[in-house]
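In order of appearance the chains are A, B, C, D, E and F, and numbering begins at 1 in each one.
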Amino acid sequence: MKPTPICPPDPAPLVAFGAHPDDIEFGCGGVVVRETRAGRSAHFVVCSRGEAATHGTPAHRTAEAEKSAGLLGATVEFIELDGDARLAARPAHAITLAGILRRRRPGVVLAPSRVENQHPDHAQLGQLVCDAARLARYGGVPELRASPPHAIAHLFFYAVTPEAEPAGLARILIDVSAPEVVGAWTAAMEAHASQALTRGYVELQLTRARLNGLRAGVGHAIALFPNDTLVFDSLEQLSRGARQF
Amino acid sequence: MKPTPICPPDPAPLVAFGAHPDDIEFGCGGVVVRETRAGRSAHFVVCSRGEAATHGTPAHRTAEAEKSAGLLGATVEFIELDGDARLAARPAHAITLAGILRRRRPGVVLAPSRVENQHPDHAQLGQLVCDAARLARYGGVPELRASPPHAIAHLFFYAVTPEAEPAGLARILIDVSAPEVVGAWTAAMEAHASQALTRGYVELQLTRARLNGLRAGVGHAIALFPNDTLVFDSLEQLSRGARQF
Amino acid sequence: MKPTPICPPDPAPLVAFGAHPDDIEFGCGGVVVRETRAGRSAHFVVCSRGEAATHGTPAHRTAEAEKSAGLLGATVEFIELDGDARLAARPAHAITLAGILRRRRPGVVLAPSRVENQHPDHAQLGQLVCDAARLARYGGVPELRASPPHAIAHLFFYAVTPEAEPAGLARILIDVSAPEVVGAWTAAMEAHASQALTRGYVELQLTRARLNGLRAGVGHAIALFPNDTLVFDSLEQLSRGARQF
Amino acid sequence: MKPTPICPPDPAPLVAFGAHPDDIEFGCGGVVVRETRAGRSAHFVVCSRGEAATHGTPAHRTAEAEKSAGLLGATVEFIELDGDARLAARPAHAITLAGILRRRRPGVVLAPSRVENQHPDHAQLGQLVCDAARLARYGGVPELRASPPHAIAHLFFYAVTPEAEPAGLARILIDVSAPEVVGAWTAAMEAHASQALTRGYVELQLTRARLNGLRAGVGHAIALFPNDTLVFDSLEQLSRGARQF
Amino acid sequence: MKPTPICPPDPAPLVAFGAHPDDIEFGCGGVVVRETRAGRSAHFVVCSRGEAATHGTPAHRTAEAEKSAGLLGATVEFIELDGDARLAARPAHAITLAGILRRRRPGVVLAPSRVENQHPDHAQLGQLVCDAARLARYGGVPELRASPPHAIAHLFFYAVTPEAEPAGLARILIDVSAPEVVGAWTAAMEAHASQALTRGYVELQLTRARLNGLRAGVGHAIALFPNDTLVFDSLEQLSRGARQF
Amino acid sequence: MKPTPICPPDPAPLVAFGAHPDDIEFGCGGVVVRETRAGRSAHFVVCSRGEAATHGTPAHRTAEAEKSAGLLGATVEFIELDGDARLAARPAHAITLAGILRRRRPGVVLAPSRVENQHPDHAQLGQLVCDAARLARYGGVPELRASPPHAIAHLFFYAVTPEAEPAGLARILIDVSAPEVVGAWTAAMEAHASQALTRGYVELQLTRARLNGLRAGVGHAIALFPNDTLVFDSLEQLSRGARQF
């Protein structure tokens, strides 16, 4: 007989979407590994092979992404939409992503923000995932009939760069200070060796997380941007605010 | 024998500030009773006797406030600042409120929002409490030396009217749907009989809470506005978002 | 000899656009019936048969929309764009809608808001109507030459859900408190029986309107969001503000 | 026998507040004369003699204000608060202004905006009038008992300079194109001869009004900023939007 | 021997994009001529012949644009995207524009703003140029391999109408008061004779620039909206702020 | 013989205001030393001795401030307003600060931001300096007659903490990457030894500056927030934007 658990033993899966092989890791990899280490399953859906980037072949970048996802405790799949630097928020793509949501049935979905002034694929994908999370609930879309409708619990946007942080949405901070979490996140970013060596991406993300950590009174923290107003059963669920200074 | 609790047995106290005898009840009474029923202590600090209002004598309103606080499971004290319709956000008042925070040592503080287009006392008090929560941490203020410095965990603003909801802050929703919670909240509002009969205040608050509840997929919910970015240890703490429509 | 009228006898027609058969009714049906009862003609342009929804066949939903429009005193037409859950803001669609505006020559146009976090068809249609209202004025678009250019007086956005209310636009409230207006509006929403029974849509709209009404000191009111700055000949046209609390 | 009027014969009075003798004229004089020419009475309350300005003695400036108010069809009174460049938004001042509102019982109130980056007296007065309009309704303020409570219909903010236009409030445009209106407004501004000759204030205001007029498709228009959401009985009251370009 | 110059002798080229033959001139022509008179080369990329407009044939408008560009000291090219009133922000177009940026290698890029409530082609082009400026830096896009990657220094948005000024971006003012600058700009606008005679476009732009000039304490100034945070080596580069009133 | 300089030999002085002895150094010390090393004089006006802080006596903190100012190449004076944790934005204080501005006659003024959610003294001082910069221009204030009116060129706000960065103002970045600049700034912060050892203030500021630097493609950069729209004579003055990612 299965004993009554204090915490749910199987938190609902997490699905993260990235436009390029390294977006999820750079934007919110620390959150993912924080969750997988707590027992939540995580799956990455990557929508190009990064073939428009300056460095790295598609094959090389695929291998980097697979290694990196493994370091974070996540699985990864690649899907074909319009290709790198060519993504458009077409309704057909939203239906494709909705189909993935129905099959994976996540509780938490992570996507790049919809801020316009960033890599255009990021903003397009952010809107596509937002739309997909809605379409996954509707019963009458023919392409989606293979799986029953599914309503996610949360859509959080992540920001690959500071410029991509959405001014109009609330922000929350997730504490990723545990040494094994920061370590695995750093390793996962460095696994994208073709990208990490240029432009200081790894330092950028660790600096952002350290600044958030200083504000929150912890080591490192990553900002997420909830698409929807957060609902709580009581104030007890709200551990603390960033009131350090 | 009391079994070992899953939740911490003594959540940090809650202190709520109101400019007038009925502000706390109308603005966030449902949240207060939700917390006291879960074992959190609550204390109200009321900064006038409502002597500028159209209806109700100071004595009558004091009695209403005491009855109402009791229905919510809270204690209440009255302090003298500048009087009803005369409150100014003077630094000396902030120090006075900081002294109360040091003595009461709450985890959670509730205050009216700082939105300018509402009863002027509300906005002044919101700023005073925000400042007081900071001053309570500083070691060198002579008037505060009777109690050691204290850092609160959360300052949440409440909005007595829809107009007082701050556009520039994130909002969260607290589920107050349990029948005993809605019932006690309604009774507490009606206990302010001198105010509740005019202008439809009770219906206003219940309508606001029902609309929030419909959005959140619950019966009733009350919006609070965190002064600071919320920090979470994991996504597991975030039960759900308002994604009903 | 025709006597000089006090009010214009024939207010310019109203045209409302909806992405799905029930959007107009749920989003602003009370405003429509308020206007048709004052002698303004109203016409609905519906851009899908709701074929992606969980409940209701296209034929059933068409019948519901026709019944509902009749209850509001409006006519309704259905047009084919991309289909339910597939609408994209293509320039060709904007030209199609501009052609309808030229033929109907409305003074007032109603459209769903462009807020991104709602059913994706709503946001796409909001942008399409905004663009169409501009294109209808330009003389050189070949597809539009069958009718002379037309400039509308007003484009108002409506919000099907609270989440769709645009934060960046002004809002105005239209008093729909007359019993026959609220009654006809409620009946029109209930005429969408396939949709109204689930998720509390009718209660959602009436609760929103009651909350607006409480703020405005009337029974019920519906919020609209003007696309353009409002111009008045004198302050006499501005009957009152929502100053109830 | 007096014929039945089409418009109400006695529109509710207008009261405009200014921190300095020329603020009302420069900020919204065209609106005032538009209203007085339509039969509405207007009264100016000026809260200093401009004694901190570079040019003009208090006596001279008082005379200029009286002449200018007359050109706009308004009466004017001067009150003593803290003096020019010294105004603070003290609750006692709000009660003083509330007393004036109770005696004058206006329908429409005009005040400088609360934007912080302008002459500090303007922002302070804007907040004072906003508070006073609320206090005027409350029955229990001893200083106000000489007159019965009064609820105004509208509080509109005006902006003496472009920098003072509040970004967070809706704006409306009032058409002041009639030649006699523009003429009287210009004459009233020029009547403040001690101020008008420096820094191009008259040209500034006429340029602002012409730009608003071009946007609205009229000659000149002045922007006002309603403190509260506007409520309308029907769309017929909304003559048109600024859709010229 | 070439002497050490005080100013760089060859400022990086400027490239301005317009959706229609007259957009650049009306939106920011004064800035362009200010720059070309200081020795900077300027090139216009116009994305339609204005064939949807009420007045002017494509041939006529092409001739007007060529004459006007010459008056501003700029060269002009026309490219075919989707046609007037039909422009969509397709990724393929962004790649096309990125190719132009790589060939022209500008330091400064000007584009219409992305504000949604304006001619739809303007908003689409604003987004396309923003995306193109990013894609021009990426090494792996096959269509772009003919020229090496290029990073621009600045993307500034211009606003063809006041409605197109983006509320969410900072604004800067460029002083265009020199008589020969205002004169050339006015002549360039009037060179679009087919458009300038209707609706007061020339007066609109000069009134906007005069109002900006009054605020800045100069004759005329044009507002630009930087896409990115401005970086300065020292405060000495910041000549002054608009502090006139 | 001193050679003829390319840059103006005497840039207008800089005056920075701080509420506490270390605010200027922590908030914008790197900018100050960047300017003094380029030949601009700098003067600090500190409005308390930090007597409410947890650590450090007034005498100790005065000495720290004097040492720190010296490391930045600035002079420092202390003025008495209301005392630490007691500052109120009284008009009399604004006049006092205006008197200092008239005597010092700076081109550039630095002040803490007016954001409400920070140490209350900071927000009060930000408003006081904003008002003082205006009052310094007016000819009729008796207390100011000892010095002729003075108009500053720029008021920039600095943010002592990330929370104090004003969301509603544009931001600019000043490059402070030169090793001697970062070094002197770090030394100046560390000179406030009583404050620097707790809560990680020095790391906070260097992390903020490094993050800004990464965004701008330089080593370190400090954000300032201009109170007024920036005016430029040409685009040549705008060296570059933060377009690194």
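Here is the rule we go by: a contact is a pair of C-beta atoms (placed from the backbone, for glycine too) under 8 Å apart; a residue touches a chain by one contact, two chains touch by 3 or more.
Bear in mind the structure is a predicted one, so any value in this text is a computation, not a measurement.
Annotation of chain B and chain D: jointly contacted by C, F, touch as defined at the top. As for how the two copies chain A and chain E face one another, under half of their interface residue numbers coincide.
Chain centre most remote from that of chain D: A (centre = mean of CA atoms). Same interface as D-E, judged by over half of the contact pairs sharing residue numbers, among the pairs B-D, A-F or B-F: A-F. Chain C and chain E have Cα centroids separated by 37 Å. Touching of two or more other chains is recorded for residues 163, 167, 215, 227-228, 242 of chain B. Pairs of chains in mutual contact: A-B, A-C, A-E, A-F, B-C, B-D, B-F, C-D, C-E, D-E, D-F, E-F.
Chain B contributes residues 6-8, 11, 14, 31, 34-35, 38, 40, 108, 133, 151-156, 170-175, 215-218, 221, 223, 226-243 to its touches with chain A in the complex. Residues of chain A that touch chain F in their complex: 118, 160-163, 167, 199-201, 203-204, 207-208, 210-211, 214-215, 242, 244-245. Within the complex, the chain E residues that touch chain A are 90-92, 94-95, 114, 127, 130-131, 134-135, 137-141, 149, 168, 227-228. The part of chain A that touches chain E in the complex is made up of residues 50-55, 82, 84-88, 116-120, 163, 167.
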